[in-house]
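Naming follows writing order (A, B, C, D, E and F), and every chain is counted from residue 1.
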Amino acid sequence: MIKNIKWQKSLAIIVGSLSSSIILPSAANAAPDAETAYIFNTFSFLIHGFLVALMAAGFCMLEGGLVRAKNATVQSTKNISLYAIAGLMYAIVGYNLMYMDVNGYIGSFSFWNPSETVVDDGYSSGSDWFFQMVFVATAASIVSGAVAERVKLTSFLIFVVILTGFIYPIQGSWSWGGGYLSEAGFLDFAGSTIVHSVGGWAALTGCIIIGARSGKYTDDGKVKPMPGSNLPLATLGTFLLWFGWFGFNGGSQLAMGSAADVDAISNIYINTNLAAAAGVVVAIIGTIALYGKVDLTMALNGALGGLVAITAEPLAPSPILAIFIGGVGSVLVLLTVPLLDKLKIDDVVGAIPVHLVAGIWGTIAVVLSNSDATLGAQLYGIIVIGVFTVFTSAIVWYVLKLFMGVRVDEQSELDGLDKTENGLEAYPEFTN
Amino acid sequence: MIKNIKWQKSLAIIVGSLSSSIILPSAANAAPDAETAYIFNTFSFLIHGFLVALMAAGFCMLEGGLVRAKNATVQSTKNISLYAIAGLMYAIVGYNLMYMDVNGYIGSFSFWNPSETVVDDGYSSGSDWFFQMVFVATAASIVSGAVAERVKLTSFLIFVVILTGFIYPIQGSWSWGGGYLSEAGFLDFAGSTIVHSVGGWAALTGCIIIGARSGKYTDDGKVKPMPGSNLPLATLGTFLLWFGWFGFNGGSQLAMGSAADVDAISNIYINTNLAAAAGVVVAIIGTIALYGKVDLTMALNGALGGLVAITAEPLAPSPILAIFIGGVGSVLVLLTVPLLDKLKIDDVVGAIPVHLVAGIWGTIAVVLSNSDATLGAQLYGIIVIGVFTVFTSAIVWYVLKLFMGVRVDEQSELDGLDKTENGLEAYPEFTN
Amino acid sequence: MIKNIKWQKSLAIIVGSLSSSIILPSAANAAPDAETAYIFNTFSFLIHGFLVALMAAGFCMLEGGLVRAKNATVQSTKNISLYAIAGLMYAIVGYNLMYMDVNGYIGSFSFWNPSETVVDDGYSSGSDWFFQMVFVATAASIVSGAVAERVKLTSFLIFVVILTGFIYPIQGSWSWGGGYLSEAGFLDFAGSTIVHSVGGWAALTGCIIIGARSGKYTDDGKVKPMPGSNLPLATLGTFLLWFGWFGFNGGSQLAMGSAADVDAISNIYINTNLAAAAGVVVAIIGTIALYGKVDLTMALNGALGGLVAITAEPLAPSPILAIFIGGVGSVLVLLTVPLLDKLKIDDVVGAIPVHLVAGIWGTIAVVLSNSDATLGAQLYGIIVIGVFTVFTSAIVWYVLKLFMGVRVDEQSELDGLDKTENGLEAYPEFTN
Amino acid sequence: MKYIIAIIQPSKLETVHEALKNIDITGMTVSEVQGYGRQMGKSEIYRGAEYTVNFIPKTKIEIAVDEATEEAVITAIKSASETGKIGDGKIFVLDLQEAIRIRTGETGSSAL
Amino acid sequence: MKYIIAIIQPSKLETVHEALKNIDITGMTVSEVQGYGRQMGKSEIYRGAEYTVNFIPKTKIEIAVDEATEEAVITAIKSASETGKIGDGKIFVLDLQEAIRIRTGETGSSAL
Amino acid sequence: MKYIIAIIQPSKLETVHEALKNIDITGMTVSEVQGYGRQMGKSEIYRGAEYTVNFIPKTKIEIAVDEATEEAVITAIKSASETGKIGDGKIFVLDLQEAIRIRTGETGSSAL
């Protein structure tokens, strides 16, 4: 029973161990034994997986802070539920669809069970599952924020079941599962496209099918801002996402059992941090230049735009290039947020600019530093994954719309979703 | 000076290293050297201890979000103080009572000092202390939430001194300290009973002796809900608890210096996550079925119920069984929350259903997957620990009641404890 | 290209490995190989660096919770920006100024780039950069809180550019960079002076030059308290700081590749925790004694005072001494907070008592447990670093005052900085 | 002059505001209140226990007007805030004896 | 008709509400206010500095009633909210000239 | 007796409070309101979209006084809250028919 483990990455490990004997001659006869490497590799999955899990809390805080108070209970409910659902669905069907006997286009339908690992495998199979599982939740979190404040709770949760159990794993099998995209040379180290754009495309499709919040776009073509209710909470969420991203990108090295691997992880942490930092600074200077004041929510989005952008290739860039990639990610966010409003696409938290737009940029930017990447293969991957995700998401949203509706009725929206969906106010004593 | 280190677990380590030579033959002549294993074991205690420490923040946020705004300063004060007190008391007397020269029923009364460890010990003695210390704080946090909104701050803190310095360590010596319960075959891997039920019993005793919040139960037999003031904060707290639990259960493997150990830790992370996820999903479906809407606070409690349930045996269950154990934990929480109200036991945050009831279930459920466990031994442990904790807690609460009172006067309760106990409002500008 | 790596600490590593062969004879012929040690050392920098990064979120929450609601958006903006700026400036110029070819008084002006590390170096150069980088952000966070609620956002950010790019690294080169202070025998393990007091001195200078918040000190000599708007958030921030401090102090061992190192890290975690715990308990007893009620904000400051105090020497003290050092740190905070008010120095969050005063105490207290330390050298370091930081900070603040002003106008201050600086309210629905 | 107090549904504030602007009302004061009336509170369930929310969020508008515009204001509020469902609210009219504009010291109608 | 404004202790809202329901008052509007009166604010200490909280949380109830029930309402509020301690609050009675129910357009007593 | 309602700038509350204490006013009730008037709301930008904040935070003070002190109170409020800038607010005077002190049952001027 051979698992098509992330193709280009198992290669990376081999290259890594080769290169370590080249770069590090003095250690040639003092390398870690196989079991020590096994422990390091496994522990890297676990601890970096924990960091990615923290991102679920980060998304929850960011989104909870950016919605209005009357929808904050629903937003919290959605975020903790989607993390739970993602974890179950990825065991029930997702992981094996993505990684088990991938025939090029899809893996196998079966419940995941930890396999007996031997030290020669390099890491515990369970730890890999754990690390992959927290990634799925990320994709779902992205959708949650975009369609906030009007989506029906149960419909959203059903969408998450399909997204995390099927849509995400199937497209994931094409690249990380060793399928046709990886053979075509598509490179996406930690998932600018495979995780973030997938979430972004699903969010975009959802926003269009569900429609904007009532009152958001007035008949005379004006946009009515609906400011977030708790910006310190949104800032906390961004910090958690930022720091959780060290796990997202760092853990995607998929190994820590050699000096070369841990060197790589160091580089990844650094580039990840520099890209996010550049994103913040660009957004601050940008909003001062454009609007005369610093828009904190844009600074938070800018950090995330930088992070998404560096995710497709956080290892190879020099510090300067990482700053550049992150900065451009933030510029794209700054420009796309008002653009979406012009198109009357109502994305409550900026998920589409951050995860889809900066994700596309990041996937293309791989060619700037990784000589194995070709513009053609990158665009090919971006397009087929985009088409697939939009198409399947649209079907799911439409079916849901047909059978149970995808948005609450207008009065519920006015009163706040918390009343109809939860019967509980998020802050009963702070608001009227 | 020989320390009765966790009896059944030191065994586990031996078994672990034996089994590694069986399961992993290819690594037989490439195992980590003793010092490498020492570093791994020690680091596991430290980093997993950090994760458990995060749970103290998680409890603080969960409880702070579930109390009314007028009591949120006191709740924050209690939580940061109890973590501090637990840390001091466990050094001053607790650790040695629990682990030093345990004669079957109790260890020795003395201040803990780090002993000179040698590599042969397998891990640094200080790291073990650190890991055990953060567990004590958890037990105290449980009580804090249950008796909120009416307990006198100073009385509560004195109770914490006794709980963390004496009650918890003494009963802990019976099992983890190698005392009579461990000899009787009682198995509780990470503390469903030893930590969570102990906290739960102390909370139950406290709730009964202190009495319900005034106005909670009306004369005509009705229950008056007092909704929490900040549900996004409560959600954050639950996320922190959930992820901190990877440390709670994962670190309880007590070793990471072999492939077998790190395989075990992987399994533990996975089962812990699946049980919590099942708890959330069960609570969501359950509250929709029972009440027509999703009660977010029940979903949060459901996650925790799942986590407590899997804590007694997070290693052996298959994924399916972990889902089952966690799901049942959540069902029990769903049923017990209204039951307690019927008994007029006023548990503000659901600590008793989550930590006591799901803890008992989890301890029994060990027999489902661990063939070394017997129902008899499990029940024996549950009962003697329960009786001891209720008895000693009751004495402490009664003595406190006699000498200084255990609850604030009614006007203070009406005005909010923050005014009388702290003279500081938690949110001076958000509430009237 | 030889880097003047932290002088006294590279020594510590050597001593460490020597001592390990003494303390741990049984392991003498089973020590980790060089590459394994390399991985451990590097990973220690990364994971402990992550913990220190969490402190940036901690500061943000603490400060956001202690300012009034009308200034909470600006406070969030400042905190996420300063972390970004610190990360960029430390790459652009800071790190090399601090560690590259230090001639005694200053390193070299150049952009940092990861150097090719070989296993013999002991750790990945990038991981060291990452760990040093998060420290810089801490120093800047300290200033942020002290000058809150009246400082002009842009001026503050420019100050951060200078502080993190120049002032901090230059003084850091004198000690950790191997310059004249390290040669004079000045010892500051994790930075009570080098990080915390530097932040504290810069904060003090800022508070004096910027002046108090309008209305804080009335003409008849009274102090008008301006209570924080969100104490649960401030408590969360303190927890994050506390637990992040395990990284701050633990990672400052600078190595984890031997049993001696990981023993040291264990001790550091324990002492760090005990000092903070003592700080909380002292503050609780202290405020009850002084004012009759527990001032939660003082308990939070007390924890931090304990942490800052133990930072200069978290390794050598016995548990009892750690408790003592932390407790005294907290006493100093309790006494200094009202003292500053008497001097009409308006420090919004208590940054000066916590980071400057407890930092000085901690630096002096090194002599209590480290026989290599002399009172003379400690005082010498405290004074020269203090003079330098005050002098350079004063110049920067004055130049900013001259060219663009350092505080908002009085009406903006009354209306809240969020309106003028961000045009966004932090909690639009909770406050009027 | 009259002092008009209107209790309306919060979601109608914007329409009422528009309607008043259209008849050149240049000043008003708004606050959030809790209303109790025939529109009974909803019954909710929290942690398994049922309870009734007695008070429902409402918005209170206060407008000082001169006699001449009184009718127009009442009509404007009425038509802009009516949904026909229980809970739409009330308009109360009190006599206003004096009005003073702080900035200028103007009094009477010209202060409004 | 009369417009009754009562300032009471927040903790008495529920009792007052009960008392008014008992005499068949079917409508009222409630808001949170800050009161200043003979009940001096408490002196508190924040970070070592003493200060007086001048304003104390109070609850304001507004009820439009017809003349016939005025007395009953005042008595009900008074007895339900009295504790005898300073700070119990006040009841103010203003003249109400007109009341309109938005939903139906009813006016006068029948609008209450 | 008179029932005085003043809408002022929030930042002026303290000065007004001082001024009233100086003329021996021992009671008042304060609440937070949103005002709309000639002082137009500011235009802000949120995530690239411009919008106008129509309502501006104001503070409302209610004081029941006897005829004798009416003038003094109005003057005190006026001079303490005036800045000369648009948005300073208004003072409204209504007739107060009765006042009752809940604690003692006193009525009329002695209840104030």
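Everything that follows uses one rule, which is that a contact is a pair of C-beta atoms (placed from the backbone, for glycine too) under 8 Å apart; a residue touches a chain by one contact, two chains touch by 3 or more.
Only a predicted model underlies this, so the values are computations on that prediction, with no experimental measurement involved.
J.: On the document's contact criterion, could you list the chains that touch chain C and likewise touch chain F?
T.: Neighbours common to chain C and chain F are A, E.
J.: For chain D and chain F, what's the span in angstrom between their mean Cα positions?
T.: For chain D versus chain F, the centre distance works out to 18 Å.
J.: Could you put a whole-Å number on the gap between the CA centroids of chain A and chain C?
T.: 32
J.: Multi-chain contacts in chain E: which residues touch at least two other chains?
T.: 31-34, 44-46, 94-95
J.: Where in chain A do residues touch at least two different other chains?
T.: Residues 32-33, 36, 47, 227, 230, 236, 291, 293, 295, 297, 423-424, 427, 430 of chain A touch two or more partner chains.
J.: Chain pairs that touch, all of them, please.
T.: Pairwise, the chains that meet the contact rule are A-B, A-C, A-D, A-F, B-C, B-D, B-E, C-E, C-F, D-E, D-F, E-F.
J.: Residue numbers of chain E touching chain B in their complex, please.
T.: 10-11, 32-34, 42, 44-46, 57
J.: Can you list the chain B residues touching chain D in their complex?
T.: Within the complex, chain B touches chain D at residues 223-225, 227, 290-293, 295, 297-298, 334, 337-338, 341, 350.
J.: Please give the residue numbers of chain C that touch chain A in the complex, ascending.
T.: Per the stated touch rule, the residues are 32-36, 38-39, 42-43, 45-47, 49-50, 53-54, 56-57, 60-61, 64-65, 72-73, 75-77, 79-81, 83-85, 87-88, 91, 111-114, 116-120, 124-127, 129-130, 133, 153-154, 157, 230, 233, 236, 420-430.
J.: In the complex of these two chains, what residues of chain A are touching chain C?
T.: Going by the criterion above, the answer is residues 20, 23-27, 30-33, 36, 40, 47, 51, 68-69, 227, 229-232, 234-236, 238-240, 242-243, 246, 250, 256-259, 261-263, 265-267, 269-270, 273-274, 276-281, 284, 288, 291, 293-297, 299-300, 303, 318-320, 323, 427, 430-431.
J.: Where on chain F does chain E make contact in their complex?
T.: 3, 17, 26-31, 62, 64, 94-103, 105, 111-112
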